Amino acid sequence: MTLFGLCKTMAELTAEKFIVPILEFQRNLFPPFSYPAGDLADWFASEGGIVTLAWIYAVNIAFAVGMTNLILVIHLERKIAARIQDRRGPMLSLRAFRELGEDLAGEAPTWRFKGNYSGIGIIQNMADGIKAITKELIIPNKADKFLFSMGPIIFISSSVFLLVLFPLSDRFAASAAPAGLMVIMAAFSIAPIGVLTSGWASNNKYSMIGGMRSAAQLMSYEIPLLLSMAGVFLLAGSYNPVDIVEQQREATWLFGLPMWNFIPQFIGFIVFMICILAEVERVPFDLPEAEAELVEGWTTEYSGIRYMLFLAAEYIRGFAGAAVATILFLGGWAGPWPVPPEIWFLLKVYLIIIFWIFIRWTVPRIRTDQILELGWKKLLPLSLINILIVIFMVEIYPYFDDIVNLPEVF
Amino acid sequence: MAEMWISMGPQHPMTHGLWTLKVKVDGETIVDADPELGYLHRSVEKMGERRKYFMNTTLTDRLCYASSTTWTHSYVLAVEELMEVEVPTRAQYIRTIMLELQRLASHLMWAGAYMPDLGHITGALYFWRDRELFLNLLELPSGSRLLYNYMRIGGVKRDLPDGFEQKTERILKLFEQRLDEYADLFENSKIFRMRTEDVGKFTGTQAMNMGITGPNLRGCGIKHDLRVEDTYEIYEEVDWDICTREAGPGYSDCFSRYMVRIDEMKESVRIIRDCFKKMPQGPTMSSRVPVRASGEAFRRTEDSRGEALMYLVGDGSDRPYRWKIKSPMFTTISACPHYLKGYKLADIPAIMGSIDICIGETDK
Amino acid sequence: MNFKDLQKELKAIKGVSNLSLIRKNVIKIDLEKAVSKACFTKLKEDFYFEHCSLITAVDNQPDFELVYHLSCLSGELTVDDTKMSAMIEIHIHLKRDSPSIDSVSDLWFGANWHEREAFDLMGIYFIGHPDLRRVLLPEGFAGHPLRKDYVYEIHEEEW
Amino acid sequence: MDMSSKGIRGNPELRRGLGSKTTDREKIMEDGPAGDWLALRSDQLLKWIDDAVYNASEATGMREVVDRVTRPIFNFAQRFSPHPLHFGIMCCAIEMGQASAPDHDIDRLGLVYRSSPRQCDVLIVNGPVCEKLRPKLKTLYEQMPEPKWVIAMGECAISGGPYWDSYSVVAGADTFMPVDVYIPGCPVRPEALMHGFLTLQKKIREKEPGMFLRRD
């Protein structure tokens, strides 16, 4: 049963049991003015209404799954960073809720600091997030007020949009666009507009330089990124994530070993991993928010929940980037053992994320001119070479039919 | 982008203290710079004139928060010169050990502060982890943390505690292992070298003219160390070498300055070991320490950051008539337009971090 | 150049008086204000004092005294057979009503901020200094605090 | 329901965020909607909705309930996630850095040092405040969003410390900004800094209710 099928069943149920009766009741309440309740009731009873409702459910489920992952990723980042640095990281324990219970019940407060800080720190992120809601939202006096509030909206909405675009497996998918990966990459490249907008609107020099750097970096890395993806599209003959993963699942190598794309297209894989790292702006490519010289980069002037959502959106982009890498090069949800494909997929995504966390905490940041040089002079030619190799492979494939098993696409 | 001035500081992650660096940038390239100091001017010199000679060690401890012992030692040496006090040999050995431990702690502080400048926070925490070892070690004889107040006029506060040598040896051994470990993480790392090599260059001749001394000058390949050239305590008798590095013929860059300090740490370990080997028994405090002094005296010492000079004028009373502190960083910061010009905005932290700023001594 | 030759040559310069050796590697001289710039130029160009360690202003009441510490770091000046680096301490007396002297910041860039500091805290004017502003105290601060006649409020008793 | 009473209408300052150009009710009513009396300007509409929701919740007792539930939650979040400003003045700043080193690891308490004052909750004054620094420090404090707290770390920030007789050091940070927690010591040890943060927690829990639907 697919996610969509499940959602459709749920939608039928809710429409039948709740929505349509309520709307019917409203229509019958005052018949002369039945518009729009009556029309809505008719629509929810029809196929279109149920499908729409099903989509809403599916999108929300995907969103919830993504958000759960987000909390886990942030927690993982803080804890792994701490372990790399030979310390413990956040330790706020679930036992701290005892204080919350006391406050809610209106009891006299007791103090057990030691008990509060002896857990794994998973609720630290929740505390940070809720605190951000209560903080004052400052708009600087000389900032462009409209764009200052628009910047976060563009950035965050385009990032959250990413969550519903990639499938966790062929059955667990909120969207099934035939050009799925193209849509994902398009959504990825909306964010620089938000960054540039908020950087400029803050009326702060650090923010502006951060925004400019971000725009330059994302623009120069978009090209090798897409070119390195082109090899995969050539092999699969499709932009659809499901088709790409199916192609990798079917392809086998010597002794019947699975041949996921990172084996034949190793250069492309390396180029893609570097470019996606730059695309999601993580160390060593986090120039736009280079702490040492640009205070907090383009988020310098943002406070409260706006800033916290920026932070969250960056992690969402990281998660989405890892998911795209998994789909393209690591065989997506394909795996040797009979484990649910969603688990396989998340396992690979988390492996990539942990790899990124290790990179982030063990290398310094590189400089703007160096990053652009790397992008244009090294990665771009490499990605072109990768395409050549893939074309060559596709052409000579018939001669190696007995040892390599590729699906017939060309 | 047109040319514009960017003001960094006093609250800025790059500054490592309280000062403002105004840079004029053309796009990302630095055209001009204008440093501004004084946010930490506590008027130590004026306050010193109101305090007795031995009281001023409290102030000198707080001159440089990263290496307080060396500054107190510099002051104490100048007062001893002024009062003509003889220091017992054992006290001189203990002082040397403490100075070198402090130099290790100070260089580790610098290395830790330098890493976040390059975007490497783990490096900072590694170095600070090691610094903690030396802080604990310095805490043993002096009884306090960070600001030790251990050097006294005519000797040291008290003798070394029992088992200090063994503890030191254990920590030094661990520290040497860790330094080798860090070589892979930092100086052999490609990105680290990309960020530090060929950045912030100045030649030795320029440096001497601009008033740059200490490890920054030794990074240009100039063999100058006041521990040898204006020798004090027992540095003559101990077996060690001056560390120099060069980025090219006669000039230094961030990487050579980094390496000089790493080498110096290894050399400090050598000095400490040798001191323990040669240390005699005896008193640790001079039997005769006068309270009043007249005339004038100065001593210069090799601080962790360069040439520290204390100039004292006494008028026969128990308080100094004039007390002048020369901070190596004061002139080094003043010269920053020279070695910042032409580099990128992202190089500012890399360059200013590599010269090891301490504002406490600079602003006095 | 050897340190002994330096002493001989210094004695020959006009305006130099009271030459004495206060440590093995440190010479102390008194210098007249009028010839100071020429003498400093000579010290830098001919005698290898390429580093200006410190410029101190002392308020001797009533007059001011400027103390210059110059040193040779490159080892061109040798002190007998030791490795020591040579140093010279120069005293210049200034009148209280006209505390001004020629700037040496064009000779040593390192002297630039020392002179600014002397101006800031002691009120000595350096003629020809490119940028004589306050360096440590905020702009608009009244007076020069290191002078002995500077009075400020302290609430507690003196020790 | 009395619409004109100040207590019910609440603090007009807080409503500025909702888009109304003016907060004076009489003024809005004076230059009321032109033409059709049914038409409301957008800011008036928002204000009306805001007032209606607030008054309804006040009248039904909903506000009490919401407050009672959300206040402890927000308070909980605020006190367990203090983000200090990455700002060092003198010796204590070194100990502040040392506190985040692996030996003491202040990150266990959930502290993340942010470099921008806009994203901070706690300002740690960790050294002597000189006359030249005072306006800048005040600016930093004002740049931080509410709710915010100040920790005076070390003797210098408490009273001027060893620099009590200096001509340029201010006698303590509390002479020009509100200070919540004083940590004595010269310098403050990292353990003491942690204790200071726990004290701040205690203070937040006891003194400051979290804010929600709190207009006055």
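Letters A, B, C and D mark the chains in the order given here, with residues in each chain numbered from 1 onward.
Quick note on the criterion: a residue touches a chain if its C-beta (ideal position, glycine included) is under 8 Å from a C-beta of that chain, and two chains touch if they have at least 3 such contacts.
All figures in this text were calculated on a predicted structure; none of them were measured in a lab.
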Of A-D and A-B, whichever chain pair has more C-beta contact pairs: A-D
Gap in Å, rounded to a whole number, between the CA centres of chain D and chain A: 33
Separation of mean Cα positions, chain B and chain A [Å, integer]: 47
For chain C paired with chain D, centre-to-centre distance based on mean C-alpha positions, whole Å: 51
For chain B paired with chain C, centre-to-centre distance based on mean C-alpha positions, whole Å: 24
Residue numbers of chain A (touch at least two other chains): 85-87, 291, 295
Residues of chain D touching at least two other chains: 101-102, 115, 132, 165, 167-168
In chain B, residues with contacts to at least two other chains: 12-13, 38, 41, 43, 46, 50, 125, 129
All pairs of touching chains, each written as two labels joined by a dash: A-B, A-D, B-C, B-D, C-D
Residues of chain A that touch chain B when the two form their complex: 81, 84-87, 205-206, 209, 212, 283-284, 286-287, 290-293, 295, 361-370
Chain C-facing residues of chain B, complex: 37-38, 41, 43, 45-46, 50-52, 55, 204-205, 208-213, 217, 222-224, 226, 228-231, 298, 300, 307, 309, 311, 313, 321-322, 324, 326, 330-331, 334-335, 338, 363-364
Chain C - residues contacting chain B, complex: 25, 50-54, 56, 58-59, 67, 69, 71, 73-75, 83-85, 87, 89, 108-114, 117, 121, 134-138, 145-146, 158-159
Chain D partner contacts - residues on chain B that touch it in the complex: 10-13, 16-18, 38-43, 46-47, 50, 58-59, 62, 65-66, 109, 112-113, 124-125, 128-129, 131-132, 135, 145-147, 360
Residues on chain D engaged by chain A in the complex (per definition of touch): 17, 68-69, 71-78, 80-81, 83, 101-102, 105, 107-110, 112, 114-116, 118-119, 121, 143, 145-147, 198, 201-202, 205-206, 210-212
